[in-house]
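In this document, chain identifiers A, B, C and D correspond to the written order of the chains, with residue numbering beginning at 1 in each.
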Amino acid sequence: MISVSIVNVTSYTGVELLRLLAQHPQFVVTSVTARSAVGKRLDEVFPQLRALEHLPDGTRAAVNPAIVLTEVPEKTDLAFVCLPHAAAAESVLKLLERGTKVVDLSADFRLRNVAIYEEWYKHTHPAPSLLETAVYGLCERYRTRIAEASLIANPGCYATASILALIPALAAGIISPDVIIDAKSGISGAGRSLSLTYHYAEANEDVSAYGLGGHRHLPEITQELEAAAAAGGHPVKSALRVTFIPHLMPMTRGILATCYGDLKQHTTSAEVRSLYAEYYADEPFVHVVDTPPHTKWTYGSNACFIHPLVDARTNRLVVISCLDNLVKGAA
Amino acid sequence: MISVSIVNVTSYTGVELLRLLAQHPQFVVTSVTARSAVGKRLDEVFPQLRALEHLPDGTRAAVNPAIVLTEVPEKTDLAFVCLPHAAAAESVLKLLERGTKVVDLSADFRLRNVAIYEEWYKHTHPAPSLLETAVYGLCERYRTRIAEASLIANPGCYATASILALIPALAAGIISPDVIIDAKSGISGAGRSLSLTYHYAEANEDVSAYGLGGHRHLPEITQELEAAAAAGGHPVKSALRVTFIPHLMPMTRGILATCYGDLKQHTTSAEVRSLYAEYYADEPFVHVVDTPPHTKWTYGSNACFIHPLVDARTNRLVVISCLDNLVKGAA
Amino acid sequence: MISVSIVNVTSYTGVELLRLLAQHPQFVVTSVTARSAVGKRLDEVFPQLRALEHLPDGTRAAVNPAIVLTEVPEKTDLAFVCLPHAAAAESVLKLLERGTKVVDLSADFRLRNVAIYEEWYKHTHPAPSLLETAVYGLCERYRTRIAEASLIANPGCYATASILALIPALAAGIISPDVIIDAKSGISGAGRSLSLTYHYAEANEDVSAYGLGGHRHLPEITQELEAAAAAGGHPVKSALRVTFIPHLMPMTRGILATCYGDLKQHTTSAEVRSLYAEYYADEPFVHVVDTPPHTKWTYGSNACFIHPLVDARTNRLVVISCLDNLVKGAA
Amino acid sequence: MISVSIVNVTSYTGVELLRLLAQHPQFVVTSVTARSAVGKRLDEVFPQLRALEHLPDGTRAAVNPAIVLTEVPEKTDLAFVCLPHAAAAESVLKLLERGTKVVDLSADFRLRNVAIYEEWYKHTHPAPSLLETAVYGLCERYRTRIAEASLIANPGCYATASILALIPALAAGIISPDVIIDAKSGISGAGRSLSLTYHYAEANEDVSAYGLGGHRHLPEITQELEAAAAAGGHPVKSALRVTFIPHLMPMTRGILATCYGDLKQHTTSAEVRSLYAEYYADEPFVHVVDTPPHTKWTYGSNACFIHPLVDARTNRLVVISCLDNLVKGAA
């Protein structure tokens, strides 16, 4: 059994991790930490966790912690860090130094280029040397390296949906290096920080675009799409041209990305479907489907559904992908 | 391993059962039947099931079926019947005759009194003799008998929430035999039959009461509450007086029942909380809590949260209970 | 034309008032004030107000204000005060002194008994002498006095729904002075203050009860129901026994109150329907209906729908009422 | 006063028209017809209409009809036809023959080219000669002709949002004739026909794309965008290349269209904002705004909000527009 700690368990991803790990036969959550609620019993803070105590088959769940701590105990094999960026890096450094492996859910170790990180996140990176050893935790791309890594940078939710939708086409070189990603996200993606924007009476019965000046998931999307194109033998000569427009949807969970690219040659929907099906043939969590996927299909699961098609009137590639932003995209 | 068949898998409860059983180490779903979609691959009908193929730990789920059948194969240990009442009884009869144990999710075997069944369901019961051997599947009341039964009548969702909320008080004889149940349900409770009432544009941003002439869960609530009062040594002399008003809420899943009763003596919230905590001390799926519970806490789980309190100004008992109407209340 | 100012226009009720008054032929909004956003153009703060500039018939709306002010200008005929309690009373005092009539949307002048006010609102009332002259703004009860008043205390949203549902029965003396009000409210009732409880990801797909220790609308409900019973010749001897349990619903607007009382004599649904229809025969905004009403019917309107019935098995009166909590109940 | 009839009042657009016309000083609805509910009082069919009887100012609404008829009475000045296509054309023909002016809300008279109509709607057009005289009812384009027309073809909701978003850029010739429209619609757009897709339990907490083989609003979008480009002196040489992908959102009302086009020259957001502001300077119902608009801003109103910007990294034009699909886009 691998002993696990969840750092900042009071975030949405922290609670969700607890749920996922409770059902997992190889992990046992032995401690949790937080910045508030320290010293309280975890089920006082989240009474809903009592629903996890007993699995549907009557056995008890693999979760131990009772009291919220301030620090991860020594002798913890693995820590999931659910802190915001900057705070995350500090915590990661400490954990690595004493030998605990880390999955960091923040953006601190996703970008390999420190200059790009500092441009988008507006502060000095506290541990640029770690950017080389950190592995971008997209198992469909880096499975082997993830298994060996001591620091895994968990991809962003928008990034995961966008990258999985576009890498087969870019790696095969069938589209021009110029894409549009129109993404739709549920509101849990914004986390638990208070903001009028995410208040029910504002967000319900409403759709809007945001982040129009540039969303922080854009550089990691670009980095990974360029890497995939190069790995596929179709390197992008100048920088990949990506327009990424995120939208807020009146729902709690789920991301749907609708991606557009120009096909270099006349292609049919059957051809792209078969290209994608082959690319993901051995991937347990990516499902290439024949009908438009629904975010609801992914609720609570680690699945990503992808539906590629050709808009025949314009010979444009359209790829629709979806996943649960609290599971596949964040943990 | 127990081999399981799901009859009428295309209902909401059928799909939900598939999800629950996929994660269960002792059951393997070996077949599914339906009235439509026969002969199709199940993952053509429900592409979302592909998200269940692989558990989060990478192992494969315990689900076999590929093709939707018309009949449950011989040599099936257990069948879950997800048909509407009347159709359910017919199917149950056939299954029992050849030795398959049955959990019936319809109302056909919940009421022990055939006259009451026929009054509320308006048709002749096809197998009144089975009413004696059928066990009402509320494990908090009949766990031992359920384990031995060949026919289990799964309780209704409203009934489960209401009965669990009120039996400790009635069994202890602390309230008068006169209760009000104001219940709030998500819309999945109505199943997949088409009706304008359940259309999104009608049901969204709307709350309303329904079933005001008498909802069919009322007789099973009355039957079980009277049985609990008698078992607790406080039999109800004339019939228990129950007003049950269900409401439709703009959400998919969840039931919250707010139950009201008059306390016979001056009582405090602490006293009723401790009575309830003791009553459910050994129950893995019932959680007595100190704060008002949220339906969201139960999403996808088998848990029922109960919060009893005394309205001090009126010495009235108020008990709030909630559960997931597609899990605890139906399967 | 009556010149109107809206004090604290940045509240939900403030914006809603602007919408209602824009369409009204006899009022013109000549100024608005707020505690933040002062000095800004109102349509910068709320771009959606531009949708009100032009009525559907192409005429321009009767709204003047451009800039958010700190103080109501002299020579304003009428001010709607949309401040929280305590702050409201201070503002009301100033406005009345210089001759501006006031509709106060807070709770500061709803209770005639200053001791009860101070018990529930936990602070000293700044102007107890005004409690005598303030008129409780429920037009179905005090229409004549409202027309002449210089200070109108606008009823709470829960209070309006509950009082309209129960006064015909109490005034006619057909029920015992012992009632239960199980109320369901949309989330806009909580206003625009930030709280995790009202965040979309918390409140969506969720139903819960709250205010179980006693909700502040209870004393005004009791005050008005007792007054109605007395006015109908059926005064309540000791205090009316009211249990009031509010619930939060996953929707933006609307309140539905389900009220329960014991009928003194055997009565039919037809009899209570006819009693209610007669009571409200001349009321333009109260509609007694034959089917369970939906909160959605009242969206954006000043209507209250009421459906009284008798639960025949228990001879209990059940009255269901609903309204838009941002219109009928607050403005 | 202009006497109005609503044909097929039981559709969502029919009821919405009733609401809008009730408040309009120049129209009086004198009759309504339907295919079901004939002979019933309208407020039996829609009890919510009683909320419209009295306007907020206490005056009575300009709506007469009591009984649902089968046919529009003679001497009706204007009829709004809310029937599905094909059925609509038949009704329109009859009404025009006897001299009643018609606003047709179906697609039957939107396309000027009968061959395109028959290709997309798969049946022979019953009155091709009328296609020449019918006016496409987009007042921002054809205001003068609409005022004189005897047959107005009301634009589709997606079409209105898309066309208003793109015509300023195409008429000014600043983008290539190659655009992508990623549209998001609330569920009321699907009307009241029963379908599992629009059931609450399916559509809630879900986002998906649909109509991927080609949505019927595409030909009217193309027709009007090409006309606008030509009128602006920038005719499209070969056919305009339009990819149009509609998505279903979990909300009742509202459409948001995110439109993408390649700018021919380096351009700034300020420049396109000023181009758009000028184009719509005199339009009462189109509002060019500086921040991303929200569908909620348009709820129940005739407004369309438009936010054009340049994605500086790619020099791509992005235009976001939104409206209420039951008001601006359909009536």
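Odds and ends about this structure:
In this section, contacts are C-beta pairs under 8 Å (C-beta built on N, C-alpha and C of every residue); 3 or more make two chains touch, one makes a residue touch a chain.
Just so it is clear, the structure is predicted and the values come from calculations on it, not from any experiment.
Chain pair with the larger contact count among A-B and B-C is B-C, by C-beta pairs in contact. Most remote from subunit C, judged by the distance between CA-atom centroids, is A.
Averaged C-alpha coordinates put the centre of subunit B at 38 Å from the centre of subunit C. Work out the mean CA point of subunit B and of subunit D, and you get 45 Å between them. Each chain gets one centre point, the mean of its Cα atoms, and the points for subunit A and subunit B are 36 Å apart.
The set of subunit D residues that touch two or more partner chains comprises 186, 204-205, 250-252, 293-294, 296.
Interface residues of subunit C facing subunit A in the complex, by the touch rule stated above, are 12, 186-188, 190, 192, 194-196, 198-201, 203-205, 250-252.
Considering their complex, residues 20, 23-26, 47-48, 50-59, 204-205, 284-285, 287, 289, 291, 293-294, 296-298, 300-303, 305 of subunit B touch subunit A. The touching residues of subunit C, when paired with subunit B in their complex, are 178, 180, 182, 184, 186, 202, 204-210, 212, 214, 241-243, 245, 247, 249-254, 256, 258, 260, 292-296, 299, 307, 309, 311, 313-314, 316, 318, 320, 322.
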